[in-house]
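Chain naming follows the written order as A, B, C, D and E, and within any one chain the residues start at number 1.
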Amino acid sequence: MKQGIRAEWYFLLGGLLLFGGAFLATQFLNRYLLYILVLMGIYSIATVSLNLTNGYAGLFSLGHAAFMAIGAYTSTLLTFPLALREAYELPMLPAFLGGPNFVWPFFPAICMGGVLASVAALLIGAPVLRLRGHYLSVASLGFVVIVTTLAKTMKGLTRGPMGISAIPSYTNIYWTYLWLLITVYVIWRIVNSRFGRAMMALREDETAAQVLGVYPMKYKLMSFVVGAFFAGVAGGLYAHFTKAIRPFEFSFFLTFQIVVMLILGGMGTTAGPIVGAVSLLTLRYALKPLEEHLKIYGLIEIIYAVLLIVVMLFKPEGLVGQKRGVKKITVGGKSSA
Amino acid sequence: MATILKVEGLWKNFGGLTAVSDYFLELPEGEIYGLIGPNGAGKTTVFNLISGVLKPSKGRILFQGIDITWFRPDQIAALGLTRTFQNLRLFPSLTVEMNLRIAYHTHARSGFLAALLSTPSFFREEKEIGQKVDRILELFEMSDFREEIASSLPYGWQRKLDIARALVCEPQVLLLDEPSAGMNTKEAEDLAVLIRRIHEEFRLTMMVVEHRMPFVMGLASRIQVLDYGSVIAFGTPEEIRNNQKVIEAYLGVGDLIA
Amino acid sequence: MFSWSYFLQQTMNGVILGCIYALLALGMTVVYGILRLINFAHGALITVGAFFVYFIFFRAGINLAASLLLVLGFGGLMGLLLDVIAYRKLRGGPEVALLITSLGFYTFVENFMKMVVSPQPYSFKTPAYLAVMYKTSLLTFRSIDVFIIVSSLLIMFIFNLFVKKTRMGIAMRATAENLEVAHLMGIEVNRVIALAFALGSAIAAFTGFLWGAKYGQIAYDMGFLTGVKAFVAVVVGGVGSIPGAMVGGFVLGLAEILSIAFLPTRFAEYRDGIVFGILILVLLLRPSGLMGVKEEVRV
Amino acid sequence: MLKVENLTVKYGVIPAVMNVSLTVGRGQIVAILGANGAGKTTTLKAIMGVLRPASGQISYQGEDITHMSPSNRVRKGIALVPEGRGIFNRLTVEENLLLGAYSRSGNDVIMKDLKEVYALFPRLEERKKQIAGTLSGGEQQMLALGRGLMSKPQLLLLDEPSLGLAPLVVRELYATISRIREQGVTILLVEQSAAVALGASDYAYVLESGSLKLSGKPEELKSLEDVKRVYLGG
Amino acid sequence: MKKWFVLGFVVLFLSVAFSVYAQEPIKIGVVMGLTGPWASIDTPATNGAKLAAEEINKAGGVLGRPIELKIVDTKADEGETVAAVIRLIENEKVSALVGYCDTHWVNIAAPLAREYGVTFVTPGATHPRIPERTGAWLACFGDNAQAAAIAEYAVKDLGLKKGAIWVDTAVDFSVAVCAYFADALKHYGGEVVYEDYFETNWTDFSSMVARLKEYQDKGEVDFVYVGAIPSNCGLIAKQLREGGVTVPMFGEDGFDTPLLVETGGEAAEGVVFATHMSLEDQTPIIQNFKNAYQAMFGTLPENAFAALGYDAIKVLAKAIELAGSDDPKKIPEGLAQIKGFEGVSGTISYEAGSQVPNKSVAVIEVKGGKFTTVKQIAPEYMPDPKLAK
C-alpha cells in the first residue's frame, strides 16, 4: 500500500496532468466532445462518492439521487441571477445568506449544496442506517421519492414540478475535474485511514468489527454523510451544467444509473466507479448516431441492458473488481470443494 | 491477584429456551481459564454476553470494576476486552495487513481532518501502526502473508490471523472461542505453544473455549464446565478430568438406557 | 362534509388499486422469500401481459376466456425463462448481481417493448360485458370493477390454497424458510424456485390485463412504478409473508386513494411521497412489516 | 446396507473428515461418537450427499451413490434428521411431516404412513395444526424423527438426536428409536453423549479430529476408558 | 475536335446537374422527444418537418440549396437535450433549430441556442412567455389565446359558468394554460369552483373523478377544464365518464391527438378542446397537406402538430429566403419580415417585435369519433402572459 507523502506527490502530479489535459481539450475539442467529457466528470464524482457508501462501507444505498437533488437546488438558489429572480418568482437570499442584493460565487455555493446534502444524510441516516441489507436499500429509495415530492411541493423555493431554468452555466471542464480530483483525493485519504478501514471492516463483518472497537453507527453515518456531500456537489455541478432542473430528474432512474455505473465498474475499488461512469457514457454517446441512423429508438438502452446482464453473469464483481468472499446461497451440494 | 473480570448471576433466555442460567465467573488478572462443555451447553453464548454481542436477560458483568453489562461491544473493546470467534470472522476480502491495521482502531487517535490532510502526526501514527503490525506478524511468523487476501490463506493460518488481529487490539482480557477448531493435532500443539508465549509476552488474561481437551487442559490453570447453560464444575484440569458430573455431561449417564 | 356515497366510492377505488398491488406483491414476496431478490423484472411482466392480451384478444380476436388462460400461461413461461436464463446461474453469486440483473431485465423488456410496440401509449378497450355501468344512489361502478375485485380475491384464495394445501405449495414455503433442509427433504429446490417465478409472473401478466381493462390505456413503461410500489407493499406487509403481501397491497392502495380524497386538493402531489412515507415509517417502527415474522439475527 | 470407504471431506482446504471407513449392516443401529468438531456431522452430510467428498466412495445396497443427488438418495430410501432438527418453524406440524414424504407419490400410502407416525408419536397428532416453531425441544425432535420416517426410509441418519434434551426426554427418544428399528429401519446415528448411544447401538465408531480412533461393539467400548480418553484427554 | 466538344458538354452538364446538389445543403437541426410522454405530438411534428423539407428540396431548395434535417431524439431527458443542441450546433453546424411541442424542453434548448446566436423555432410549445425567456420563435399561438378561446366559448356560446379546473402540475404548459383559463373565465363572468391537481405519470384518476362527481351531484359544477398532455387526455375522459361524471369536458391543444378517441372511446364524445387547426377542414391547402403526408408516411396526419412541424420548416425556409442567407445571425431578420404567411395551420404573421404569431384558435368537438370544428375564435380578450409562471 502506498502511504503518506510520496503518494501525495503522485496525486499532485496526476492533478497537473489532468489540468494540462483539460486545457488541451478546451483548445482542440469541440463543445460537444467537451460536453461529454464534463458529463463524464460529473457522473464520476457521483459514482466515486457512492462508492464510499456502497463499495467501501457496504451499505447498499439507493438514495444518491436525493442528495444530488439537494445539492442541485441549494447551489442553484444561491447562484441564481438577481435580475431573473423576479421573473422566475424565486426568493431573494435572506440576510444570513448574504441578503437580497447578494449572489453567491460558484465555489462556495457548490460547497453549501454539499453541506446541506450532508445534513440531510445525517438526519435520515440516523434512523435508516439501522436497517439491514435490502431494507436499507428500499428505505433509501423511499427517501429519494420523498425528496422529489418535497421538491415538487416547496414551490416557493423550487418552482415545483416546473423546475428552474436559466441557471447560469458556470460548470466547465476545469471546475468539474477539480471537483473530481478533490472527491477522489478525499475518498482515497479516508479509505487509507482508520476511518476507511473501519468502514471496510463493517462491510466485511459487522460483529467482528464491533468486538474490535468499531462503533458501527458512527462509521456508517460518516460514509453516508461524506458520500452525500460529494453527491450534493455532483448535483450542483449538474444543475449549473444543464442549466435547468426539475424534481423528476432526480428520481429512481438517476439513482439506478449511478448504481449501475458503480457495479459495472466494480464496487470498492478506486478505479471502478470512474471506469463504470466513463464506459457507460462512452457507450451511450458512441451508439447515439447508430440509433438515429437506424431509427430504432431505445436501441441504446437495450444494448445497455444486455451488456449489464452479460457482465453480471460472467463478471459479477464488475469490470475492474476483484472476486471477494461473499456469502452465498448454496443450492445442492456445492458448499464443499 | 486482582479479579479483572467478574460475572454475577448471568441469565440468557431465547424465547422460551434458557441458554445460560446463573453463570458466574471471577477471572483473576494474568490467568488463563478454560470453558468446556458438550455441544449446545451455552459456551459461545457466555462469550457473546461478556463481549456485549448479546445482552443478558439478567445479571451483571464487571470489567476492572466497571459495570459493562449494557455496554456495546465496541465500548467493551475500547476498555480492553476483545474476543475471537468459533466460526472465524475475519475480514475475508481484505489483506492480512488490513485485517490487522483495522484492529488498532481503539488506540488510533488521529482526527478526520488530519487524515484528510495527511498531517505529520497522522503519518507518524500510521507508521506506528505499521510497526505494531510488523511485530505481531513476526511473532506469528506470518510476515510472508502480509499482502495475501485473508480468505485465501490456508485455514490454520486464518485461525492464527484471527488471534493476531485480536492482539493488535492490545486487550487486557482476550476471549478465545475454539481457537484450534479445524486444525490437525500438530497445528493445534503449535498453537498452544504460541498462545502460551503470547500470554507471557503480553501479560494477557485469557479465557478459552475449547473442545480439544488436551489443548485446553494443557493451557488453562482452572477450567469451568458448562452443561445446560450452568456451571457444573470448576477446578484444575486434573480435578475436572475425574469429576463424575463432567464425565456424565460428556459421555452421558451410564445406566440411562442399558 | 363528505357524503356516505363519496366515502364508499373512494374506498372502492382504493380497494381496486389495492387488488392490483396485492396481486403483484404476491409473486414478489414468494421470490423474495426464497432468493432475497427484489425482482424489478416483475414490473415488466405487467407490461408484457397487457400487450399480450391486447394483441391476441383485440387484434387476433381470440375469445376473452381463452385469452386470459393464454396470458397466464405466457406470463408463467416468461417467468420461467427469466429464471432459467439468468437468475439460476447467478444464485450463489453476490446478491447485488442478482438485483442488478433484474434491473437489467426490466430495462431490456421496457425498451424492447418500446421498439417493437411503439413509444406511444395504446388504448385498451374494455370488453363490452366488462364495461357495463351500474349506477346506484351510493356507488357508480362498472362490471370490470367487480371483475377485478372478484378475480383478485379468487386468485389470492387459490394461491393461498395452493401454498397451504398442495405438496408443491408446502415445499415452496419450506424452501423459503430453510433452503438447505428443504433440499435434504428431497425437494428439488431449483424446480420450486422456477415455479415461484412462473406463478408470480403469470399473476403479474394477468394483472396487466386487469390494469388495461380498468384504465383503458397501456404503455411500454407502465410496469416500473407499479412494480416498485408492489415491492413497497411487500415490505410494508412483511417480506416473505403471503398474507402480508395482500395486506400491504391494500394498505397502499387505500392510502393512495384516500389521501387524495380527504386531504385538500393541493396534497395530490404527495401521492407517491405518502406511499414511501408509509414505507419508511413501517420500516422504522416495525422492521419486519405489518404481518411479518421477525428475522433472526445469527451471531 | 451402507459402506463408506476412505471418505475425505474438505471445507475449502480444511479437511473435516479424513479417510473414514465404516459399514452399517441391515437392521442395525450404528453410532458414530466423538467430541465437538470431530467430523461426525460432516460424515452424515456426505452420506446424504449434501456435501461432496473430496475422495472416497459411498455405496448403498451395493450401489455406488458417491455422486448421486440428495433428492435421489431420498428416493432410494436414505433420510437424514439434521442436527438442531431443521424443523420448518413457520409450517404446521402436519405440513412438516408431509414434507418428509415429498419425494414419494401415492396419496393413500402417505396418509397411511402419516397415521403410523402419529401412532408412534401421539403427541404430534394432538398438535398437528400447531405451528412447529411453538413446540418444545423434545416435541421438535419427535417431529424431526417423524418427518424423517415419512420418507419411508430404509436407512435413517440421525444427527445428535439427544442434543439439548433433558435426560428423561432422551430416554423416551431412544425408546422410540429402538421401536423404529424394530419396524425394519436401519439407523446410523451421531452422538456426543456416548453412554446413551452405546446403550442403544449394535456397533459404534469413535471419531477424533476427523479420523477414526476406535470402533467396536458397545460391550467392547463399554468400559469407556478409551472413549473417555478421546473425549477428555488423558 | 468533336471529342473535345462531347467531353466539354459532359463536363458542363455534370457541373450544372451538380450545381443544385453539390451545393452545401442548408442544415436545420430538429430536436424532439420522439420517445417519452410527448412522443404522440412530437412525432407527427417531426414527420411534418420531414415532409416540408422534402417538398422544398423537390422544388429546388432554398437559395438554390437543398435543406437537410438533422433529427435528434432527446428522450424527454434534460441532459440529452443539452447534448443534442450542442452537438447540432458544434458538430453539424446547423443554421437554425426547430423543436418540441412542449414548453419545458424549449426552456432548456432555446437559451442554449441563443448563446450561440442560433435561431430556435418551436412548432408547438405554446407558453407565451417563451420569447421573453428564451428568445425562441413560436410557429403556434400562445396558451393565453387558446385558454381565452375556450373560456369565451364556454361562457358565451354554452352559458356554462361554474368550472372545475384540473391541472397537471408536472407540466409547465398545463400550469400556464390553466392559469390563463382561470383568468379568462373570470373575465367572462364565470367562476372557478375548485382546482384539482394531478401529475403526468398517473394512470389512476379515480379519486379525482369521485370528487368531481360529488360536486356535480350537488349541482355546484357546470363543466371541467382539463390541462392534460396527450398521453393522459383519453385516459381522463374515459375515467371521468365511467365514473359517472356527465358535465361537459374542455381541453387544450394537448387533446389534439388520436389517443383521445382511441383511449377515450365513447367517453370522448362531446369533449371540446382548442387547437391550432382542424384537419377536417376542406380548404385545398389542408387537403393537399393530408394527401402528401399520407403518401410519405402511409398514414393521415395524426393531429395539428404535424401541420405545425410542417409550417415551422416552411416559415424558416421562407425566412432564409427573405434574409438571403442561411447565416444564423441573419435568420431572425428574415423571420421578422414574415407577414401573412399561409401555413397549413393558419396564417402566420409576426407583428412588430412579437415572436408569437397572431393566429386564430380552432374549437373542436368530438362528434361520432371525429374531430369537428365548431368554431374558429380570434379571442377578444387576451390574458396577460405574465399571469403564468
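By definition in this document, a contact is a pair of C-beta atoms (placed from the backbone, for glycine too) under 8 Å apart; a residue touches a chain by one contact, two chains touch by 3 or more.
Keep in mind it's a predicted model, so treat the numbers as computed, not measured.
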Chains in simultaneous contact with chain A and chain D: B, C
Steps needed, at fewest, to go from chain B to chain E via touching chains: 2
Which two chains share the largest set of C-beta contact pairs: A-C
Centre-to-centre distance between chain D and chain B (centres being mean Cα positions), rounded to whole Å: 33
Centroid spacing, where centroids are CA-atom means, of chain A and chain E in whole angstrom: 37
Averaged-CA centre spacing for the pair chain B and chain A, given as whole angstrom: 41
Residues of chain E touching at least two other chains: 34-35, 169, 199
Sequence positions of chain A contacting 2 or more other chains: 152, 160-161, 207, 297-298, 324, 332, 334
Junction residues of chain D, two or more chains touched: 11-13, 50, 70
List of chain E residues in touch with chain A within their complex: 34-35, 71-73, 75, 78-79, 81-83, 86-87, 89-91, 104, 107-108, 111-112, 115, 132-133, 169-172, 175, 199, 389
Residue ranges of chain B touching chain A (in the complex, touch as defined): 51-53, 72-78, 82-83, 85, 89-94, 97-98, 101-106, 108, 110, 112, 115-118, 122-123, 126-127, 130, 151, 165-166, 169
Chain B - residues contacting chain D, complex: 16-17, 38-40, 154-155, 178, 181-182, 184-185, 211-214, 217, 228, 240-241, 246-248, 250-254, 256-258
Residues of chain A that touch chain E when the two form their complex: 30-32, 35-36, 39, 87-89, 152, 159-163, 165-166, 169, 241-246, 248-249, 285, 291-292, 297-298
Contact footprint of chain D on chain C as seen in their complex: 167, 170-171, 173-174, 177-178, 180-188, 293
